[in-house]
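In the two assemblies presented below, subunit A is common to both, partnered first by subunit B and then by subunit C.
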Partner chain A sequence: MEFAKKIVDSTEEIFNTMIFMDISTDGCMSEGQEILFSNVSAMIGLSGNFTAMLSLHCSGYIAMEIAGAMLGMELEEIDADVKDALGEIANMIAGGIKERFASEDIKLELAIPTTVSGKSYSISSPTRSNRVIIPFDLVQGQFFVEMKYSLN
Partner chain B sequence: MEYAQPIIDATQEIFSSMIMLDVVPGEPFERGSEPLKNSISGIIGLAGKSKGLLGIHLPNSMALSITTAFLGMEVEEIDEDVRDAIGELANMLAGSIKTALDPKGSEIQLSMPSAIHGEEYSIDCLANAINIAVPFALDGETFLVELQLREES
Partner chain C sequence: MGKTVLIVDDSTTMRKIVARSLRQAGIDFDEILEAGDGQIALDVLRENSVDIVLSDINMPNMNGLEFLKAKSEDPAIKDIPVIMISTETGADIIDEAKSYGAKGAVKKPFTPDLINDTLGPLL
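Right after this comes the complex of A and B.
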């Protein structure tokens, strides 16, 4: 079902056309690599022919840089604008993934995005689920797009 | 507050039938974005014509006692079993609330649950969604069940 390609294509499209930031990736995170410490995670559920949760994880600094580029303003704290912007980006990436699956006759619907933030937290999905994590590089640093899914 | 009753009904039903615990609902309110401390949250997306998010937020100590009652085995720290149990609890609550909100079963589909745990974290409510949280008391402590919903425009 080529999850990784859909995630990369959709994320690149959103960053190129909506946020105007250059991003690059070497593809899936390899075994043993870990997500860098994150302060902000924007998440959105998907459901249909399979169930999933799409998340974008990054540091507070990267969250402010991405939200600032999208909104065209300087942001100095992780406020409601930053959280809303990151949630909206997760929503748009998930929308792009939904369209790409739809072209293969795999139907998905989106839930609403939510943004988790804080000094220390961890997010886990059911132990029986699968996951794909793609690290993306920006000039300013890294962010991660993760998709956890269950095919039953 | 038309959504308070489905939350109360679902929570009481799941707790009494699956965990064998009676929980007492408090006054429903709109939750802001104040941080949750030393807690674990189970969240799950509602997708489809009505979109939303169902969350249950528990202090660590309650998460441990509820998981112990739910799994019938002693748990002493927030480990994989507890995270899975709290995610599954969100899944069951959402399933029950979905039945009340969408009796025909055609408008809402559940996504995959996640568990969020930490010393201090915020789970933000969306500005353009209805938000309603109901506190429930159990053994002198309180947990929250929260529903965010956005009607398709």
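Right after this comes the complex of A and C.
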């Protein structure tokens, strides 16, 4: 199953259509590299022909820049609007991935997105899950879209 | 008399974006009402005169399909047209939504033009 291209295509579609920020990527992060400077994470579960967690990770500054672009307003703190916007972006990325897998007759259902923020947290996943991380570059910095998945 | 739209989505961000997209598409409503889930939407419809509903599907408490089914069983509100706006636009889900009376669907992410193309014929 091809995950990276679906993540990239779905993410680019959303940023081009509803956020209007230019993004670029060089593809998957190398295995073993860690995510840096992430203190906002939006997550959504997927289940069906495989089980997965799609996450968007970024710094607080980038979260405010992305949410502000999406809402058309300047945001100065990581408030409910920022968390809601990031959760909705994760939801749409997951929806795009679901649709792309559906065209290969792979069926998935989406859960409800959740966003967490803080200065120090970790997100764990089943030890046997696989992991794909795509770093995306913006003029203002970087964000990451991660998919942890476990084949049934 | 002006028209009223009800936007149903658990995301406050998405409700704001849908409202902004309606304005950008040149669709003027005198009043824009909002609901965070299907149950609240039913309450709003029973208490207000609403011309059209734009509803998400994937919501907590009462999702968009449950909302459509409950609405279709209430004679007072069953004829108010509903357009689904959702990441969930697979054929199975849209067929189910249409079986409960949905008039169309817009896939997230969307553009104002896409909203206009779907809503225009119903207004």
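Basically, the second predicted complex is superposed on the first by the 151 of 152 C-alpha atoms of A that agree within 3 Å, B and C clash if a C-alpha of one lies under 4 Å from a C-alpha of the other, contacts with A are read in each partner's own complex, and residues count from 1 in each chain.
The definition used in the following text is that a contact is a pair of C-beta atoms (placed from the backbone, for glycine too) under 8 Å apart; a residue touches a chain by one contact, two chains touch by 3 or more.
A quick note: this is a predicted structure, and the numbers were derived from the prediction, not measured.
Asker: Once the shared chain is lined up, is A:Leu110 touching subunit B (first), subunit C (second), both, or neither of them?
Answerer: both
Asker: Looking at A:Ala85, would you say it contacts subunit B, subunit C, both, or neither? Reply first, second, both or neither.
Answerer: Only subunit C; A:Ala85 stays clear of subunit B.
Asker: Between subunit C and subunit B, which one touches more residues of subunit A when both complexes sit on the common chain A?
Answerer: Partner with more touched residues of subunit A: B.
Asker: Kindly classify A:Tyr149 by the partners it touches after superposition: subunit B alone (first), subunit C alone (second), both, or neither?
Answerer: First partner only, subunit B.
Asker: According to the stated criteria, A:Leu75 is in contact with first (subunit B), second (subunit C), both, or neither; which is it?
Answerer: neither
Asker: For A:Ser122, decide between first (touching subunit B), second (touching subunit C), both and neither.
Answerer: In the superposition, A:Ser122 touches subunit B alone.
Asker: Is A:Val8 contacted by the first partner subunit B, the second partner subunit C, both or neither?
Answerer: neither
Asker: Please indicate which partner A:Gly96 is in contact with in the superposed arrangement: first for subunit B, second for subunit C, both, or neither.
Answerer: Second partner only, subunit C.
Asker: Which partner does A:Ser47 reach: the first (subunit B), the second (subunit C), both, or neither?
Answerer: After superposition on chain A, A:Ser47 lies in contact with subunit B alone.
Asker: Quick check on my understanding: which residues of subunit A belong to both its subunit B contact set and its subunit C contact set?
Answerer: 80, 84, 87, 110, 112
Asker: Report the residues of subunit A in contact with subunit C in the complex, numbered from low to high.
Answerer: Subunit A reaches subunit C through residues 13-14, 17-18, 67, 70-72, 80-81, 84-85, 87-88, 91-92, 94-96, 98-99, 102, 110, 112.
Asker: Across the complex, what residues on subunit B touch subunit A?
Answerer: Within the complex, subunit B contacts subunit A at residues 33, 35, 43-48, 51-53, 80, 83-84, 87-88, 109-127, 129, 148, 150.
Asker: Which residues, counting only subunit C, touch subunit A once they are in their complex?
Answerer: 10-14, 16-17, 20, 58-60, 86-90, 107-111
Asker: Taking the touch rule as given, give the residues of subunit A at its contact with subunit B in the complex, in rising order.
Answerer: Contacts found on subunit A: 43-48, 51-53, 80, 83-84, 87, 108-127, 129, 148-150.
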